[in-house]
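Per-chain residue numbering starts at 1, and chain names A, B, C and D are given in the order in which the chains are listed.
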Amino acid sequence: MSRRVLIDTDTAGDDAMAILLAAVADSVSVEALTIVAGNVEFDYEVENAKHSLEVADATDVPVYEGARAPLVKDHEHADQVHGEGGLGGNLFPDTGIPSADGHGAEAIVERARESPGELTLVCIGPLTNVAIALRLEPDLNELLDEVWVMGGAVNTLGNDTPSAEFNFWVDPDAASVVVDELDVTLVDWGLSLRQGTFETDTLAEIEAMGTDYAEFFTTASERAREFAREQYGEDSTTQPDSLAMACALYPELVDEANDYYVDVDERKGMTRGYSLVDEHGVTGEEPNARVVESVDEEAFETLFLDAMRHGDPERSL
Amino acid sequence: MSRRVLIDTDTAGDDAMAILLAAVADSVSVEALTIVAGNVEFDYEVENAKHSLEVADATDVPVYEGARAPLVKDHEHADQVHGEGGLGGNLFPDTGIPSADGHGAEAIVERARESPGELTLVCIGPLTNVAIALRLEPDLNELLDEVWVMGGAVNTLGNDTPSAEFNFWVDPDAASVVVDELDVTLVDWGLSLRQGTFETDTLAEIEAMGTDYAEFFTTASERAREFAREQYGEDSTTQPDSLAMACALYPELVDEANDYYVDVDERKGMTRGYSLVDEHGVTGEEPNARVVESVDEEAFETLFLDAMRHGDPERSL
Amino acid sequence: MSRRVLIDTDTAGDDAMAILLAAVADSVSVEALTIVAGNVEFDYEVENAKHSLEVADATDVPVYEGARAPLVKDHEHADQVHGEGGLGGNLFPDTGIPSADGHGAEAIVERARESPGELTLVCIGPLTNVAIALRLEPDLNELLDEVWVMGGAVNTLGNDTPSAEFNFWVDPDAASVVVDELDVTLVDWGLSLRQGTFETDTLAEIEAMGTDYAEFFTTASERAREFAREQYGEDSTTQPDSLAMACALYPELVDEANDYYVDVDERKGMTRGYSLVDEHGVTGEEPNARVVESVDEEAFETLFLDAMRHGDPERSL
Amino acid sequence: MSRRVLIDTDTAGDDAMAILLAAVADSVSVEALTIVAGNVEFDYEVENAKHSLEVADATDVPVYEGARAPLVKDHEHADQVHGEGGLGGNLFPDTGIPSADGHGAEAIVERARESPGELTLVCIGPLTNVAIALRLEPDLNELLDEVWVMGGAVNTLGNDTPSAEFNFWVDPDAASVVVDELDVTLVDWGLSLRQGTFETDTLAEIEAMGTDYAEFFTTASERAREFAREQYGEDSTTQPDSLAMACALYPELVDEANDYYVDVDERKGMTRGYSLVDEHGVTGEEPNARVVESVDEEAFETLFLDAMRHGDPERSL
């Protein structure tokens, strides 16, 4: 049976791959993309998303433009990580594909109402659209099947500030609302770093494939790879959005996941976007989120390479 | 020429009077009411709004249901001030009037887009709907003519906590966004207390009128009057929403208004909803809001009494 | 019987007058001055305090140097209000008087232990020394007779930021500790502005006196007067420290004072140093401080003028 | 040459062992203990410290009582971890040894002034005394040789709340001041858990020794061991204070330490006491603290066992 997904994304490099994974997968139906302020300038994100669909030969998927600013806080891009356009060097797509009518948050609400209990929402950007959707439709949680979120840094160093992962940092208010009010499964930055990172040899393998998908990956991850070299002295790329998407689409990838009380610090200041995860249950609060703690790393890589080489992530499943 | 207004309201006692003022005024066209979580339980607010339109013989005005919870924070009602239903003792209207289709925030956006630059938005509740509207439509400010807000306590004791007025306290995040991004004129709690309060004799005068409007007022203000007696030892009612509405509709009532830098404290804690108003310009921030500092108190009372007695607030203007 | 006082001060203009009032008063014994970081550079404050004692012919009063920085937060002076030295134009005293041995906070503790229940502590600067004294001696409250504090802005515009009075702003952590743990009587900025302000004619009267005291006042208030002209367009000086001192020494000046729950916002940000005063008892917290709400303004002025003219504030009491 | 140390401690189980290590070491001179509010009730801590000196046959070391409450925040003990008295089951020492005259913070200042540049301060409790000492003596940093602090949870789960280690949580204001103003070397909870934990076999080995020291350890760690079993399902004890002390006394134990920008969240709320450690230098702030990242775990254990068995931690060095 086909898995039906909504993808909420601030499309830069890794979002593009996550979209690609879903869009080319035989058993998956991507119902819509909704774009949210995040990685790079909003209009670039919109074009990046459309271009990803082009590469996947899936331009019939509607792209809805959503929130151009976080719920409450001021916005900052992450150009330093993803480059100005978000897809590497000189790739500034201009697809000519029109956006769908309506706001991204409204699209989430409408789709969920149309197919109650049938859609899985995969969130790979800041959570502004989803939080707005919740205020437009208080029953959103019941209307959705599952909600997967790439976000947070579970008791480990963040990738944006020492205390926060980028998606949660950009819109901590929205993250706080979403984690609190939806039944969320979290794929965090720490897991991505431990088990969703491709090293030099894998990167070389993809580079050598020569397919359009592989070429798209190589270009789109170029700037992040460079950033990793400068920042961490390592030649690698981390694929948090792809990992979250893969887990959402193929839950058998998840080796261990546990329910914890999770809260997001929505205050300005040094811990903006910090994700508290009460692993030992010391706060006395009830668990409210599921946190993925380990995955089948090999299966994820296989799946990803199959998508790049054959356009079929499900080939080895 | 007719003044066209959108009213965003958490309809309890004083909201009802403000709606009445606008709905019976000859030169005013009320385009829509949008309801927001605030004073009392949401469904009561919706019915209170519809009943106010009934009293005003204006049931053709569409009523849109909006946000049932603040943008980010948890919600608390103000039943202790307004009574359970919000309209006094036993008045729990059940009008049978259907709500209009669509969410309050969407209605604000759509109306503003349909008549760019022509509508005045009068906000007499927490600002959740307006903040969401801003995220759905970043150009909302340009699409509206004026935005009047009843909210804040300008360098004076608040009515909800010592540091905050109720509307800003309930949704400080929304208030912060709205004050920051829209060109707002503020009618605050301090002004309402100084110049928007009716004392025993005025209340007796209205009580003696015997009109439906006057009777509605007497019932709807009953609980707040009782609260004032208990809390402050004074027999009076304060009409912040009516005062804000009157100023919005008849700006000639405003004796003095100045532009100041205004900021709202969106943090949880002792100053949640605090409205910083930089009267002496010490913060170095540019003025971003207009604050009404004094009104023609007598004209306001006359207008209000004319509405109660004759259903015509403009009779003496 | 003689009233014995400890004065904790960040000596600039008005502190100097407050010290003078106490030091020349027949019925008062000033046991010690303790200096705290506040208005101007610490070493200037120390010299200003010593010079004030010189003018009062009271150089036998020991001057203890205390905390050179707030308890936790970074420090900012108020040179813009008081001028660089704090005593006006070119008055940078160099008294040659040695400071007493020991830290100001230790001096407060030692004096209080030596004369348990007999000393009144008058605090006219940020409360760092007093907070440290509390950590050195948890029983400080019992060891002191009374504690008077010039600080806070009770439900009114602050003089430092819109939300805060200077003393509380500079060290909000200390203010929070002191208000919470000592039985404090508060003389706030709002009261000072309403009833502790000298207008042009009073200032002229003092200027014309020709005494050393009057001359000291005229010089020391010069910069603050200028600041008031620039900032508020008014030729006046406000004497919060002198008013607090006068009330502490002669409680009969107090017309009305009430017990309220008071809390100080110790957080960084827009409400740093904000003094919450729960006038209507809505927080449910027990009153923990006494707040002076009105004074005999005329008596205060008489007392002050008597001090300036005759060196005897008690002449007309 | 003898290493001279001041130990600031909230003496419960592991503090006792740290004191023992220093007190029995031949090359170390313990100049004084200063007690601070922390693990258990203050008076128990004082007695625990004195009893530790008794066990070490070092009762000539003066014990100064210090701050009985954190600098600003309210205090909570950790009885649940250490048991009521802090030294296990029924061990409530009553040594009869008098405390030294003066406050712990004053003692730190005086000792530092007496031997400028010669003393190493080892802090194994909340940092209240040290922060007060800094306000009593702004030049404290220059007057001390080194400052070692057991505190913080470096980009890992805390032991008190998910975001904070106990010492920093109890007095985040003091921790913030100390990390900011002193040249501190940090031994954090994460390191302690990774490399300062004794497992069942080591615990059994100590238990079998039969010396007074070993018996003291077994009793004093009893409750923490039980807590670890209940909380983490592991039979082990973690020795953060002993590890910090060992590193301070024998820096050759430190395998890797790096300078980072460190900040402590002093706000109330979910991240109270959080230690931000900018491992990748993304904040743009200058490094201000040295963080121990790995130690010679085997050498530490040997040293500890030698102390327990022979009363000589330096036997194998």
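Keep in mind that, in the parts below, a contact is a pair of C-beta atoms (placed from the backbone, for glycine too) under 8 Å apart; a residue touches a chain by one contact, two chains touch by 3 or more.
Each chain and its UniProt protein: A, B, C, D = Purine nucleosidase.
Only a predicted model underlies this, so the values are computations on that prediction, with no experimental measurement involved.
A centroid comparison over C-alpha atoms places A as the chain most distant from subunit C.
Where subunit C touches subunit D, the two copies mostly use the same residue numbers: shared numbers make up over half of all numbers in play.
Separating the CA-averaged centres of subunit A and subunit C is a span of 57 Å. One finds 40 Å separating the Cα centroids of subunit C and subunit D. In terms of their C-alpha centroids, the spacing between subunit A and subunit D amounts to 42 Å. Annotation for subunit C: residues 267, 269 touch two or more other chains. In the complex of the two chains, the subunit C residues touching subunit D come out as 67-69, 71-72, 103, 105-106, 128, 131-132, 135-136, 138, 173, 176-177, 266-267.
Of all the residues in subunit B, the ones that touch subunit C in their complex are 155-157, 160-163, 231-232, 263, 265, 267, 269-271, 274, 276-280, 282-283.
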